[in-house]
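Take a look at the structure set out below.
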Amino acid sequence: MSEAPILEVENVTKTFGGLVAVNDVSLKIPRRMIFAVIGPNGAGKTTFFNLITGIYKPDKGRILFDGEEITGKDPAWIAARGMARTFQNIRLFGSMTAVENVMVARHVHTKTSYADALLHTPRYHREEKKALERSMELLEYMQLSHRAHELAKNLPYGEQRRLEIARALALEPKLLLLDEPAAGMNPQETEDLQKRIVGIRDDLGVTILLIEHDMQLVMSISERIAVLDYGKKILEGTPEEVQNDPRVIEAYLGRGAAEGASS
Amino acid sequence: MLEILIQLLPSVLLEGLILGFVYAMIALGYTMVYGVLELINFAHSEIFMAGAVAGAETFILLKGVIANPFLLLALALLIGGTVAAVVAILVERLAYRPLRKRGTTNRLVPLITAIGVSFFLQDLVRLIEGLWHNAFYRRYPSFAVFEATYNLPNWIGVITIALTVWVGFWVLAYFGDWLLRRFKNRAPAKGRTLSLVAAGLTLVFLFLYRHVVFADLGMTIQMKSILVIVVSLAMLYGLNWLVHKTKLGIAIRAVAQDAQTASLMGIDPDVIVSRTFLIGGFLGGVAGVLFGLLYTLVHPYVGFIPGIKAFTAAVLGGIGNITGAAVGGLVLGMLEMLGGTYLTFLTNGAMGTEYKDILAFMILIFILLFRPQGIIGQQLGEKV
Amino acid sequence: MKKVLELKNVHTYYGQIHALKGINLEVYEGEIVTLIGANGAGKTTTLRTISGMIHPKEGEVLFEGAAVHHLPAHLIVKRGIGHVPEGRRIFPRLTVEENLEIGAFLENDRHKVEERKAEVFDLFPRLAERRKQLGGTLSGGEQQMLAIGRALMQDPRILLMDEPSMGLAPVLVDLIFETIAELNNRGKTILLVEQNALKALQVAHRGYVLQTGEITLSGPAKELAENEEVKRAYLGG
Amino acid sequence: KIATVSPLSGEQAALGEMIKLGAQLAVEEAQPEFEKLGFKLELAPQDDQANPDVGVAVARRLVTDPEIVAIVGHLNTGVAIPSSEVYKDYQLAMVSPANTGPAVTDRCYLNVNRLVGRDDVQGPAGAEFAVKELGAKRIFIVHDKTTYGQGVAEQFKKKAEELGAQVVGFVGTEEKANFQALILQMKAKKPDFVYFGGIYHQAGVLLKQMRERGIKATFMGPDGLDSSKFVEIAGEAAKGAYYTTVAGPIEKYPKAKAMAEKFEKKFGKKPESFAIYAYDSANVVIKALKDFVAYAKRAPTRAELSMLIRQTTLEGVTGYVAFDYKGDRKKADYFVVHLKEAKYPGEVVKVISFPAPATKCEAIK
Amino acid sequence: MKKLRENPLLLSAVIAIVALVASFWLLNNPRSTLPFLLTLGALLAALLQPIPKWLKVLIGGAILLLVIPAAGFKNSFLFELGIQTGIYAAMALGLNVVVGLAGLLDLGYAAFFAVGAYTWAIFGSPQANEFMPWKIFPLPGEYFYLFMLIAVVVAAITGVVIGSPALRLKGDYLAIVTLGLGEVVRVLANNLDQPINFTNGPQGITPIQRPPIDWFIALLEKFGLQLSRAEAYPLFFYLLVLVIIGIVTLVNIRLDRSRFGRAWIAIREDETAARAMGIPLFPTKLLAFATGASFSGAMGALFAAKQLYVSPESFTLIQSIMILVMVILGGMGSIPGAILGAATVTILNVDLLKSASDYLNDLRNAGFTLDLGFFKYNFANLPNQLEPAKYERMVFGLIMILMMIYRPEGIIPERRHVLEMKEES
C-alpha cells in the first residue's frame, strides 16, 4: 500500500471548559477501508468526528485530509473537499422533500452562477438536470426513490437514516463518516444496513469511518478499530485484537456483550 | 474643554446608572418570559404601559385621600403591578395559549401575535382612558418628598472619576499589549502588570488635574431616583432567588427547556407559564409606575421606546439571563448617557444627542460580535 | 395479583397517521412487561398514550381501574405513572440535583424528597459524584441514569421505560438491565420498551409483540423468546 | 362634505384629534344654515396615522369622492406635502390648520392654504423678543427633530445670532422621557436662555427636569407650547416660561371665548393647540361655500371653491384671516406670552405683527 | 364545495362567471368596496385554484390590465391602492427571501427602502446641489430608470455592509441587531442635514422628479385614450408596478428553484447540517440579505418618484414590522403568500378599515338607529371618544391575533413544489 492515507490526525486535543473531551489522539486511515471508532459513552467519539469535519476547532494538533491540511477550516470548505458525514441525531432538512435534501448536497457540484439562475441560461438547465438526475440515482441506490417527493420529516426513522446517507453520498465524498448509523434499529434492519455500508465502499470506493455501539455490526464489517476512553485512544487494531483486549472488555464491552458479539 | 468633560463625568455616570436601572426593570420582564417561552414578548412594553397608566390613576384618585406619599406610592406600585399582571395573564390566555395548544413550531408566529397584541392594547387603553377622562395623557403628581434633591459628597465623584480613568487606562494598556503581541511577538503581559501601569497613569492623571477633580463636582440625586435603584435591586435579587432557589423557579426553568417532559414530572406547563406571565407582568407594572414617577408623563404609547431599549438591554446582557438583563440595562443606560452628553462636545456640535442611539447600537453590535451570547449569557454550545 | 394498567382497544393518530390500531394490553402489579417491535411499530406511541402526552382517538386507558386517557399528562403522572421518555429528555440546563428535585415536584414533604434522592444516589453512585454538573453535559449513559433516577423520584406505581439502552455502550447496557431487575426486586412494576429484544425478554416476565400499530403476539417472555417468528424478526438471525 | 385629515391613532392622536374637533364644531354650527339653503354639510374625519403612505392613500380616497369639497388638515408637514400633491391634481382645496413648514406653501399651489404662521416667521419673532427684550446672551436651543420643531429652532437660531446673541448649543432629540443628557450639557454650557422648538408634551417634561436639576435659564418655545397641558405637565416649573403664538389667549377675543365655551360644553375639554386653527380653517371653507351657494344656488366645483377660498377673508377666532398669493396668511399677529404664574393661559407681553415672507413662485406648473 | 374542487370544468366556469360579474359590478360602482373585494377575490381564486392555465392568464390579465384600470379612471384611489400594494408586495417578496427562505429574522428591512428612496430623492431633486459642486440637479426624470438600477446596487451594498456584522449572529440576536441598524439608517437620514446637508433632515426632500410620460400619453392616444398628465401618472405607476412585481416574482421563483434557494432553505432548517453538506454559511446568508435588500431598494426609488417627497418618517421600525407581518400573514416562504399578505395588509389599512369607519361615521351623521328589539341604539349618540377612525389600529391588531390563532401557517402556506424529472425522449 504505497498510497498515502486519506486521513491523518496528529495529536488532536479538544477541551470544553475543564473537560478534556478528546485528548491527544492520533490516527491514520488508509484509503478504501472501513474503520470503526468505539468507546464508552462520553468517550469523545462524536467530538472527534466534529473535529475532523470542522464543526469544532481543535485546541491542539493537526488534521490532514487527502494530503491537505484542514485544521480549523470551515466545515463547508472541508465538505467541498470530499468529506461527508451523518449525524448521531438525525439532521435532515425536514420541510424539504427527500430529493431536495439530496440536491442540497449537490450544491458544490452544481456550477450555476447567480446570474445563470436568474436568467435561466442553458447552463442552468443543464446543471439543474444533472443535479436532479444524480440525486435520483442516489435515492435509487439507497432504495428510496419511491419517497423522492415526500417531505423528509414524514419518513419513518429507518428511511431517514438511509436518506442521510444518500445525502452524504451526493457530496461525492472520498471519506464518509457515519455516527451510530444503527442506533434504534432492530437486528434485522441492522443487517441490511451492514450490507449497504460494505456496498458503498465496494461500489463507490469510499473510505468509511464509523462510530457504533452495536458490536455485532462493528466486528463483522470493520477492518480496523480504534478505541477511545476518556478522550484518549487506548488501542487500535483488528476486530480480534480489540475484542480480546482486557482493557476494552473492562471499560467497554463488559463480559456479557463480549460473549454476545462473538457468538 | 477636557475639564468640563471630567467634571461632568460623575453626574453622567450617575444619570446613566439611573436610566440603566429603569431599563433593567423593564428588561427583567422580557427576559422572564423569554426564558420560558423563548418568545420575544413584544407586548411587554404595553404591559409596562398598562402598569404606568394604572399607577397614574391610583395616584390621581387617591391623592386627596391618602396624605402619606410613601403609602400612596406603595399602593400605586401594588395596583400598577396587579393591573399589569392581570393584563399579562389575559394576553397569555387569549393570545399565546391557543398558539401553544396548536403546537406551532414557527417562532415568528407568536412574534406577530405579540405585535398584534401591542397594537390592540395601545388603543384599548386609549379607549378606556378616553371614555373615562376624555383625554389620554396622564401626569404623575409631584411630591416634594420624591423630588427632594440630595447632594452627594464630592469624594464619591472623585472615586468615580479615578475608577473610570483607571478602567480607561487599563483598556488602553491592554490594547497596547495586544498590539505589541500582535506585531512584535512579545509575550503577553500579566493582568497585574497592566493594572499597575493603569493605576500609575491614573495617579499621574489625578495629580495633573487635581484642581478639576477636587473642585465641586455637583453630583445630585433625587429621592425618586434612589427609589428606582432600591426597587430594581430588590426586584433583581428577588427574581434571582425565585428562579434559582425555589421549586417554582426550577419548574419554570424546566418548562422553559422542555415543556412536554416537564409535564411528565407532574408539572402543569400552563400553570407555570401563567405564573411566569404573572411575575413578569407584575414586575413590568412596578417598573411602569416608577417610570411614571420619574419622568412624569404617561400615555398609551409610552411603552414603545423604553420597551425597545429594554429589549435591547436584555439581549445585550444575554437574553433569558436575569443578571444579564440587569447588566445589559446598566451598560445601555450608561452608554446612552455618555453618548448623549459627550458626543456634542467631542464633535463640536456636528453630531449631537440625536446620535446617542446610534452609538448605543454600534456598541451593542460590537459587543455581540465578540460575545455573541451577550455579556453574561452562557454559551450553550449546541451538541451535535 | 392486581391489575395496574390496562389498555382497551386503543387507537392513536398523529394527524392523519394511524399509529396505534386497537391495542389491548395489561400489566399486573410487580411485573416486568416488555413491548418489542420494529422501528415505527408504535412502541413509543403506546407509552406516550399511557402517560397522556398524546391522547387516543378511541378506546380507553385504565390505571388502577380508572380511565385516565382523557387527562392531561401532569394529572396522569400525579396518579402514579412514571415515564422515562425516549431519548432521555434531561433538562440540559438544570444540574443533576435539580433534575432529580424536579422529578419530585409533586412531593411536598422535604424529608421524603431527601430520602428518595439518597436512594437514587445509592443506586447510581455516579450521579452523586456529578450532582452539581449541568444535565446537558453528561455523557449518554449518565443521562440515562439520570432519566431513570428522575422517574424514581416520583416514586411511581408503575414505571414506563422507553429504550433505556439505546446508544449505550455494551457495559452500560448490562448495567441498565441489572438495574431494571433490581428495581423490580424492590417491588416496582415496569413496562419496558426495547429494541434489544433478546435482553428485554430475558429480564421480563411477559411480553407483547407490536407490528405496525397492532399486537400480533403476546405471552410469557420465555415462550416469546423461543418463538421462531420472534427469533427471526427481532432477535437477529 | 368637508374632510379633516389628521392622525387619530398613534402617538400624535391627541394633536390630531384637536384638529378634528375644531372643524367638527365649525361644521356643526353651520349645518342649520346650509339646511336652510337646501344643502347638507357634513364632516368626514379621516385618520392619516401621521404616516405619509397612509396620508397619500387617504388623499386618493378623498379626491375620488365627489362629495368632498375641501380638506382641513394635515397635522404633519411630512404628510401634508405628498398628500397635497394629490389634492393639487384635482384642485381640491386644502386649508391647513397646523403645517408650519415653509415648503407647504412655497410650492405656490393654488389650492393649498394655511392659517398658521410659518416656521420662518415665528422663530425670528421669538428670537427678537428673547434677545432684545429679555436680554438673552447665551442661548441653548433644543428641538424635537420634526419638521416643525427643527424648522422653528433653526430660524430662531439664525435670527438670534444676527442680533448678536451667542448660541451655545443646538441639539435635536427624539427623546420623550429622559432629558438628562441635555441637561448635563446645559450644566456645562451654562446658558442664560433655553429655547425649545417642539410641542408641549416634550417641552413640559424637559422644563420640569431642568428645574429639578437646578437649571435656571429662561425658557421659551413656539406655539407648540400653547396648551394648558404644558403647564399641567411642567407644574411649578412652568412659572416664568415664555412662548410665542399666533393665537392670542382666548379671553382676548370675545368670539374666541364663545367658541371655547361651546367647545368645552360639547366635547368636555378645552380647545387646545390646533383646535382653534382647525375651527377657523373650517370656517374659511364654510364661508366660501356659503357665499358661493348663496350666489350661484348650486354647489361649487372644486376648482371654483379653491379659487374662492384663496379670496375669502374672515374675522376668525385667531384674528383676521386672509391669504396671500401663495396661500400663506397675509399678516399674522404673533403674541409673546409670559407664564407669570404656573397657570394657563399666561399674560400677553408683546404683540408682533409679521407678514409672511415673499417667495418667488416659479411659473406655476 | 368538495365536488366543485374535483370538477375542474365546473370550477373554471364558476370562477370565470364570478370574475365577470364582479368586474361589471366594479365598473359600475368603482367607489364601493364590496365589488372591488369581490373582483380581487375572483382574481385570487383564478390564480390559486386548479383551473386551466390559459384561463388563469385570461382572468388575471383582464382584471389587472383592463378592469382595474378602467375602474381606476373613475376612482383613482384604486390606482393608489394598486401601487401601494405593489410596492409592499415587492418588498414582502424581498423580505420573504431573507426571512421566509433563509430564516433570518430582519427587523430593519425598511432601511433598504430608505436607501433606495433617498438615492433617487437626492439626485432627482435640487437636494444634491447642497453638497455637489456642479449645480446640475435635479437630474431630469429620464434618469429615474438608471437610478432604479443604482438604487438596487446601493441597497445591495448596504445589505452587505449591514449584513457583514449582523449575520454572524443567530436568531433573536440577529433580530435586535438588524432592528438597531435599521434605526441607525433612519436616524442618519434624520440627522444628515448637518454638518453637510445630504438628506435635508426631518424637512425631507421635495420636489422629486418623476419619469417623463409623454411617450406614454402619446401611446395611450393611439388607443384612443385622451389623458391629462395628472390622470396618466397613476395609471403609469400602476402599470410600472405591475411590471416590477412580475419581474420580482420571476426572480423570486427562479432563485427559489436554484441551488441558492435550496441552500437558503437548508440553512433555515439546520445550519450545522447545511455546512456539513458543503454550504458556506456566511456568504450564503449574505447573498440572501443582499438580494432582499435590492428588492427593497428598487421599490424605494419608485416610492420616491411616486410620492414626490421623502422624509425619514416613512422608514420607521413600524414600517419594517408591517412588512414582516405581510410575509408571515401570507405564509412564510410562500411567494403568492407574500404578495397576498402585502395586499391584505395594505387594503385593510388604507381601504377596508377606512371604509368601515366612514360607514359608521355616515350612520352617525344620519342619526341611524339600530333596533334589535331588545336593544336600541342611536348612532348619533356614539360618544366622541368612540370615533371609529381612531380604532383602526386596534382592529388591525385584533385581526393579526386572530389570524395567527386560526391560521398560523399563513393564508397560503409554503408548499414545496414538486421537481419534475424531465423524461428522456
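Letters A, B, C, D and E mark the chains in the order given here, with residues in each chain numbered from 1 onward.
Definition applied: a contact is a pair of C-beta atoms (placed from the backbone, for glycine too) under 8 Å apart; a residue touches a chain by one contact, two chains touch by 3 or more.
Small disclaimer: the values here were computed from a predicted structure and weren't measured.
Colleague: What's the chain with its C-alpha centre farthest out from subunit A?
Modeller: Taking each chain's C-alpha mean as its centre, the farthest from subunit A is D.
Colleague: From the centre of subunit E, which chain's CA centre is farthest?
Modeller: Between subunit E and the rest, the longest centre separation is with C.
Colleague: B-C versus B-E: which has more C-beta pairs touching?
Modeller: Greater number of contacting C-beta pairs: B-E.
Colleague: At what distance in angstrom does the C-alpha mean of subunit D lie from that of subunit B?
Modeller: Centres of subunit B and subunit D (C-alpha means) sit 37 Å apart.
Colleague: What whole-number Å value describes the gap between the mean CA coordinates of subunit C and subunit E?
Modeller: Here subunit C and subunit E have centroids separated by 53 Å.
Colleague: Mind checking the centre-to-centre distance between subunit A and subunit C? Centres are C-alpha means, answer in whole Å.
Modeller: Computed from C-alpha means, the inter-chain centre distance equals 31 Å.
Colleague: Could you list the positions in subunit D whose residues touch two or more of the other chains?
Modeller: 9-10, 13, 145, 172, 267
Colleague: Please output the residue numbers of subunit B that touch at least 2 other chains, ranges allowed.
Modeller: 123, 126, 134, 354, 384
Colleague: Could you say which residues in subunit A touch two or more other chains, in rising order?
Modeller: Each of 16, 55, 87-88 in subunit A touches at least two other chains.
Colleague: Quick check on the complex: what are the subunit D residues that touch subunit E?
Modeller: Against subunit E, subunit D makes touches at 8-10, 13, 17, 20-21, 42-47, 49-54, 56-58, 60-61, 63-65, 76-79, 81-82, 85, 89-90, 101, 103, 107, 145-147, 150-151, 172, 267.
Colleague: List the residues on subunit D that touch subunit B in their complex, please.
Modeller: 9-11, 13-14, 145, 169-178, 180-182, 184-185, 187-188, 201, 204-205, 208-209, 212-214, 229, 232-233, 235-236, 267-269
Colleague: Help me check something: in the complex, which residues belonging to subunit C touch subunit A?
Modeller: These residues of subunit C touch subunit A: 38-40, 137-142, 163, 166-175, 195, 197, 233-237.
Colleague: Using the touch definition up top, name the residues of subunit E that touch subunit A in the complex.
Modeller: 251, 254-255, 257-260, 262-263, 265-266, 269-270, 272-281, 287, 414, 416, 418-419, 421-422
Colleague: Any idea which subunit A residues touch subunit E in the complex?
Modeller: The contact residues of subunit A facing subunit E are 53-55, 74-77, 79-80, 84-85, 87, 91-97, 99-100, 103-108, 110, 112, 114, 116-118, 120, 124, 128-129, 131-133, 136, 149, 151, 167-168, 170-171.
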